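Right, I'll just put the structure down here and ask away after.
Chain naming follows the written order as A, B, C and D, and within any one chain the residues start at number 1.
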Amino acid sequence: MEKLEMEAPDSSLVDKAKKPISKRLNKYERVFQPCLAEVLGTMFFVFIGCVSVIENTPAAGRLQPALVHGLAVAVLVAVMDRIRSGSHFNPPFTVAVCLCGGLELAMVAPYLVSQLVGGVLGAGMAKLMTSPERFSNASGAAFDLLRSESQLYRALFGEAAMTCLVTLVVLMVAVNSRTKTPFGPFLVGSTVMFNILAGADISGACMNPARAFGPALIANHWTYHWVYWVGPITGGAAAAALVRLVLGDQKLRIVLKS
Amino acid sequence: MEKLEMEAPDSSLVDKAKKPISKRLNKYERVFQPCLAEVLGTMFFVFIGCVSVIENTPAAGRLQPALVHGLAVAVLVAVMDRIRSGSHFNPPFTVAVCLCGGLELAMVAPYLVSQLVGGVLGAGMAKLMTSPERFSNASGAAFDLLRSESQLYRALFGEAAMTCLVTLVVLMVAVNSRTKTPFGPFLVGSTVMFNILAGADISGACMNPARAFGPALIANHWTYHWVYWVGPITGGAAAAALVRLVLGDQKLRIVLKS
Amino acid sequence: MEKLEMEAPDSSLVDKAKKPISKRLNKYERVFQPCLAEVLGTMFFVFIGCVSVIENTPAAGRLQPALVHGLAVAVLVAVMDRIRSGSHFNPPFTVAVCLCGGLELAMVAPYLVSQLVGGVLGAGMAKLMTSPERFSNASGAAFDLLRSESQLYRALFGEAAMTCLVTLVVLMVAVNSRTKTPFGPFLVGSTVMFNILAGADISGACMNPARAFGPALIANHWTYHWVYWVGPITGGAAAAALVRLVLGDQKLRIVLKS
Amino acid sequence: MEKLEMEAPDSSLVDKAKKPISKRLNKYERVFQPCLAEVLGTMFFVFIGCVSVIENTPAAGRLQPALVHGLAVAVLVAVMDRIRSGSHFNPPFTVAVCLCGGLELAMVAPYLVSQLVGGVLGAGMAKLMTSPERFSNASGAAFDLLRSESQLYRALFGEAAMTCLVTLVVLMVAVNSRTKTPFGPFLVGSTVMFNILAGADISGACMNPARAFGPALIANHWTYHWVYWVGPITGGAAAAALVRLVLGDQKLRIVLKS
């Protein structure tokens, strides 16, 4: 018990070194609690994000959904981040963090499944809270901007570029030890926020297949749904490549090591 | 009492070690000052929140009241947090923190009474500052959205779900030692902000019976007032259950302890 | 030189104790630099604040001026705060900090004069940057809301109450040692922001005689100008009283000391 | 080089003492990585900034572009700041930091070239993501406000004054050791944000020749382009003078040293 308390943020590093953390956490805390945190975090994120879209009033441009999604990411990452090895709530983050050595391979599939389950639960909660008219007008907050082939290229490029940027921020603040910072959750949330403010009318600025999947399932809206998987995953992988090849420190970079 | 010592952040560690903080605080500081801080904090929060609603211009959607309530929570929690053991300004927070062992039972009733008194004072100040026309048009910032039975279910669910989320944030940043963080006040304020941005047109996104009670008394507007007690208290209790059963560390969790 | 470098934020407290700071700072740094910082800080604050009012577009409600004034306060306080003993840029802050023992009496008059000079310079810069039409339409960002006796009472009460709140925040984060926090500048700026968002259409939410005086002089607009002195100074004194009598720690509180 | 050691924040102090950081960084990390960080950071900043302008909806006043540019600066500075000696993404910052001794002269030209290359790449990405109609309506986010001689004086003054302020913030939070703060990136981003909110309709509130150059090249729009070089560089130099003569500590100030 004494040792676990030292896990709290301010504990001295020396003390922690005495016994590896994996010994001090039980199996529930090593495996199940992180997955449950992914389910709950993604659920609350998708829930409040969908409500903000279904209830949006256009008077303030894209500000309402942008602030809601950005702040929700910041808050949920911040409060669940220390439940083991960082919270993602987003498949491309999980993939990219794993590619950069920040998550063991065996946890990738459980994390992805947890995120999709959370996304469906959150979209369901949003349906419970909003009126049927508003819900169906907004397609239940599923991404319904894409209606013709001609939009696809720009939407794919936008999803990939914006997800690359936000995933790059995740990798720099949470994995690359030289640039790690306690402000990480706020930086990731701010990036989500400004991406939505800038690009939401082109592709929806989804950047997160779990956010796309949940409402798509609940509202049964699948038009061009694959865009929100291909774009973000490509962007996440590109961010991992940027860190592995260009921006990482000597531990992460695989070229020009010295 | 030992735990309390951990809370005071700035004093030099050397000095703290000399004698326990309970010896260094007199009775005024242990009992009355925290209650007065609850009165003053809730008063200023309800005051400025009500003014923002009474004076709202719809041009910016829900941004003005959302930013005012969210920032006011962040600021007031931050400046009064170290007056003993955390400031709440909100009954569900007090209940949930007590359920998680962060506040002794004897302080619950004094805290709740202080919050209600503060809410009434704040609503009175808002009446003094605003013109009679605007005050009555806005029902004195009492929650007057609910007008028929058909809205009740969604409003109750919304209040419970959003209060559950914000109370979960409170418990994670202020009680659960593994996820405690100095950014707590900002995270709680941000959650208030995005909840109002997303859900204010469904139930008002009150999440705080003291915020509901003060203006209701001053404006004598009690239609469906009970919703703003039942919803938030249910949500707060649900958050305490989530922490006690799923997300808490070994000290807080009552199941799967090792 | 070695010692001065230790003045930097992370220096150990022990080391600082060796030699009092007054010995390590020369006369320029003890007296003139703080006053010049007051001039420059108030100048930039009033400059950008006035531009935001003169150039305001009503599409976003009160958001633009509120964000500009609030963020400018946060930034300028943060960057100039360590030039000796805290930056104020606002007469009620100087008065209240002095009443709470955070500033020696001899510096009060130089600070107030510096703030008024800065306010005039800033208002002049705003005139240089804006077109004559917009400048005169906005009365040069002087406070011109008050046009009849009937508004006076609410405006005075509003200025006093809102300045009391923001000054209370200043005293708690910068003077009261038990609640001091490095987030101070952000908390003060946020309070300015939410006060303007809530109350700007009642009294202008000035809270700062230097912000009122500069534009009044440049635009020669003096109608009910006294309101922006009486209200804020009263509010600042009330905040000092709250800290001295109720919320302060044992060093600041003058009653119930133990 | 000793100073550089002080910059790296996270590594354990024990480890740092063993050998100076200049020994631990290889040539790639000392020279090429910082320049590549300037290219990538400026590229992403100009990309998302241009998208926000091309896709702007006037419903929210200047809020969308202001938040996007400000948050993007904060995030990108924060995540790339520790790749050697601070990230600039802006020629006046590079010039002013060098004038204050925070960057060796040999790195100035590589930094400036990297920033311009990044600006062009970012503007190109924005063109790929936006529809041709919107792109050409917005002149590709090149600054196209200035149409007659009569606007020039105010635009030049505005660019100089606002760039002076933001560069002053950069110097105070990143170079002047007495006022250095870990909140630096947020303070710089906030300053960009409130400057755009206040002054964007006068000169565009560019404050950054690299942000002006990239879109100007891609959209081939060069009317009064020189304003966005002369104004910002003048402002940056003025900020360096303010720090060197008035606000700096004994190490930076060249007058009244003791």
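Rule of thumb we're sticking to: contacts are C-beta pairs under 8 Å (C-beta built on N, C-alpha and C of every residue); 3 or more make two chains touch, one makes a residue touch a chain.
Keep in mind that this is a model prediction, so the values were computed, not measured.
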(request) Spell out the chains that contact chain B while also contacting chain C. (result) none
(request) Moving only from a chain to one it touches, give the least number of moves from chain A to chain C. (result) 2
(message) Interface check for copies chain C and chain D. Shared numbers divided by all numbers used: above half gives same, below half gives different; which is it?
(response) different
(request) Report back the single chain whose CA centre is most distant from the CA centre of chain A. (result) C
(message) Based only on mean CA positions, could you tell me how far chain B sits from chain D in angstrom?
(response) 39
(message) Quick check: how many Å separate the C-alpha centres of chain A and chain D?
(response) 28
(request) Going through chain A residue by residue, note those that touch at least 2 other chains and give them in order. (result) 59-60, 63
(request) Using the contact rule from the top, write out all pairs of chains that touch. (result) A-B, A-D, B-C, C-D
(request) Over in the complex, which chain B residues touch chain C? Could you list them? (result) 8, 10-12, 26, 28-29, 33, 36-37, 40, 44, 47-49, 51-52, 55, 57, 59-60, 63-64, 67-68, 71-72, 74-75, 78-83, 125, 128-131, 182, 185-186
(request) Under the touch definition given earlier, write down the residues of chain B that touch chain A in their complex. (result) 58-63, 66, 154, 157-158, 161-162, 165, 168-169, 172-173, 177-181, 183, 187, 190-191, 193-195, 197-199, 201-202, 242, 246-247, 249-251, 256-258
